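By letter and in written order, the chains are A, B and C; residue numbering begins at 1 in each of them.
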Amino acid sequence: MKPVDYLSFLLQRLAQAVVVMFVLSIIGFSIQDKLGDPLRELVGQSVSEAERQALRDRMGLNDPFLVQYGRFLTKAVQGDLGQSYFFKKPALSVIVDKFPATFELVLGATLIIVLVSVPVGVYCAINPTGILSRAVMVFSIVGISIPVFLTAIFAIYIFSVELGWMPSFGRGETVEMPWGWKTGFLTADGLHHLVLPSIALSSIMLPLFIRLIRGEMMEILRTEYVRYAWAKGLSPWRIWFLHAFKNTLLPVVTVGGVQIGTLIAYTILTETVFQWPGMGFLFLEAVNRVDTPLIIAYIIVVGLIFVITNTVVDLIYTMINPMVKLTGATR
Amino acid sequence: MALLEVKGLEVTFPTRDGVLQALRGVDFDLEAGDRLGIVGESGAGKSMAAFAILNLISEPGRIAAGRILFEGQDLVSMSAAGLRAIRGNRIAMIFQDPMMTLNPVLTVGRQMVEALQAHQKIGFSDAKARSIEKLREVAVPSPESRFDAYPHELSGGLRQRVVIAIALLTDPAIIIADEPTTALDVTIQAEILALLLELCANRKVGLILITHDLAVVSQVTERIIVLYAGRIVEAGRTGAVIARPRHPYTMGLIEALPEQNSPGQPLNQIPGRMPSLDAVPDGCAFNPRCAHATERCRRDRPDLQAVGESFAACHEAQQLAVGPDPS
Amino acid sequence: MSRLAAFARSDFLYRFRRDPVALISFIVLSALVAAAVLAPLIAPQNPYDQMQIDIMNSEIPPAWQDEADPRFVLGTDHMGRDMYSTILYGMGISLVIGVSAVLLQAMIGVSIGLVAGYLGGRIDAFFMRLADIQLSLSTLMVAIIALAVFQAAFGSELYEELAIVMLILVIGIAEWPQYARTVRASVLAERQKEYVDAARVIGFGSGRIMWRHILPNTMSPILVISTVQIANAIISEAALSFLGLGMPVTMPSLGSLIRSGFEYIFSGAWWITIVPSIVLIVLILVINLLGDWLRDALNPKLYKET
């Protein structure tokens, strides 16, 4: 694939991203406009109505919608999404501050999902009738039936409350990296705290991917080109993990891409249960406190993450599937 | 002893309603450099015969009985490792539809190099050089750039040439070609067949060609066997069988060829259809459709007997042979 | 033969009776649904009636532990409500929301799918594009944001009254693309068939053809995804309630019960969270099992396991 193809792909995606963010900003601003009263936070009850109106005028709150929106947009583009009512700090920086925590949680869960679902799924595809395979299928239907937050609750109850093996809240000790990122991966305590939440977060995706990989791979193992690979006398490992698996990756990556949004939603649930100091937990607290700028900031940040990850997933997909052009033809 | 000897091959597959027999006892031999055609309609079992040789029958089908001796060793009872050493190495296969045969997500080059590296200790650049050379031999233009191409970027004819090249890479003793031209345009068919013929004839590579097309078989092979409902009904030199068919089914096949019919007249068809595997008649499987069937045909299954220069599994063959020349 | 008699003798029912998993799931589900429906009659206490609740009864453990009270088989929660009764009512709410949301999804989705599939052209392209966009957004994420905004906008009290409706609306509207796509695929296949031509020749209008003729033939895939969708709707509602964006504590669904009981697992009153959790899991599990069975029974070729 030529570099020029990648460039045009990225430009196209950039354009789409801009559109999406634009829509989000309109939604975000409309919410902000209708929701919560910045004045309430700034001044007490005893201020007279006239003074309130004067204040509103000064703050530009009585200007027409488009003017206010324009102002919002200009500031947003510069990274200024307003001040959190609760934290009295710029909303964006409050959220970004919590990003590492959520990211590491997602990383932990993703590692588990990939490291477990691939071998298990492939194994079940190769030996679909074995006892182990059937057991896995049973577990996966049970797994799909347990919502994420319940896995989290049960995990805490069994491993933390009853057995006392695992901590039940927070991130534990973190180490601050030179560029300001606080990581939990570098301390034993941090890793210890990461275990249960990561498992909980991965719990619903894991059976999904196992079933997906198993199903797709079983189909692929029946194709003519796999039979031809056997006819060439290739080693079974090469056939399973190169010929078959590379084709399995295609639908798996597609589904994976779609699940990203759901994964972000699940982080909110998981962080709530474990009181994990990430963006999701922050968002929920902001909702409870009606901290509007923070709510908006979260929506916009999540939107951005969503757009970026989708672009990356598409890129990966095109790299694996030679039949698809980057410009999005043939999907 | 012949290079390849197939004895009493039976292939079955179990279904909910019982066990179906796709091949019911097939015997044939192949000497080095021989070119054998296996002819029959769809469902006759000819592809089964091809896949059975390398034990590639997809589950739940299986080889129920028989021996397949290659250079004296029985492939049916061979270990997986032993089979792997033979597949794609001493015996190579060409499948029907090259679009389905080549893995769409791997380049042509990768799929060629791996065929070599699976059986020989050879580095990538050497393997690549050999592959490109092979591509040239099968008349693939600009082989260097084709090497890095993906299957979907090549035309059907080119793809099949690639598959043939892969088959030749390891200098096999036998090539089994299952309907190699059926999925291709008519114009390309002739080229591919000529290519196969030339390559096999020049290198003394044995060829087993599976097809339903008598024209194809007459172009390329020296001997043919005709399958019907899982059994051989006629065998012999290609020229002889086509010019002087001994079994009523073969006769019917040849009569039905458009070339044999006069323009403006309805085509000669064999009445009825080949029985499905779960409803094979007693006696001679062909008897319900045969104009010459007798009581005996409905009771006793005929064995292959010598009739003229060929062999035919027909009770009436001798009688019919005495009669006028059908072609 | 009457339809019922034909059904009773059918292959479908036969396979159902032979499959132990399907049978047990169905029995369990029926029991749960019946319990939820009959809750007002069989529950020892009405958990919404403040008169019947005494805070002094709070945090009593279930019957098989010491310090239990025989009046409260499954113990009581932190407000003094009988767990058994609250769970029955809560299950009812979860089911009502789940089924209603799915009905809404189905109505919207099936209509759009029928129209898009039958009429084709730009209408089809438009709706499918819309569906694509909506499918790429996570339902849960959209629901969380929408409900969070509504809650912030309406304030807690108003929100509590509207919660059930909001939940049904949000979950219902978010998932219509699933139905639309499924139905559209069926419609495209059916549209080619002869009976459609026949109906057109007779002079039936598009609407009638779509509803009376094509739709019945698309019921089978609709049924299959409905079970999954109901399970998902119940899960979504539980998650939303757990986050505090769904049913309030005063009129709890299983999710809200679990929420209010969560902190108590650390202080020893594990049953407030664990018991409703188990009930919820069982409910979702049997729906999923039945859905799996249904899918295999109706479409053995399309969805083969080995």
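The rule is simple: a residue touches a chain if its C-beta (ideal position, glycine included) is under 8 Å from a C-beta of that chain, and two chains touch if they have at least 3 such contacts.
The structure displayed is predicted, hence computed values, not measured ones.
Inter-chain contacts peak for the pair A-C.
Using CA-based centroids throughout, the chain positioned farthest away from chain A is B. Between chain A and chain B the centroid-to-centroid distance comes to 54 Å (mean Cα coordinates, whole Å). Centre-to-centre spacing of chain A and chain C amounts to 25 Å, using the average Cα coordinate of each chain.
If you check the complex, the residues on chain C that touch chain A are 135-141, 144-145, 148-149, 151-153, 231, 235, 238-239, 242-245, 258, 262, 265-266, 270, 273-274, 277, 280-281, 284-285, 288-289, 292, 305-306. Within the complex, the chain A residues that touch chain C are 31, 34-36, 128-129, 137, 141-142, 144-150, 153-154, 156-157, 161, 168, 218, 258-266, 268-269, 272-273, 283-284, 287-288, 290, 292, 295, 299, 302, 310. Partner chain A is touched in their complex by these residues of chain B: 54, 56, 58, 83-89, 92-93, 95, 97, 100-107, 114-115, 118-119, 150, 152, 166.
Taken together, the chain A residues at the contact with chain B in this complex read 222-225, 227-235, 238, 242-243, 246-247, 250, 320-323.
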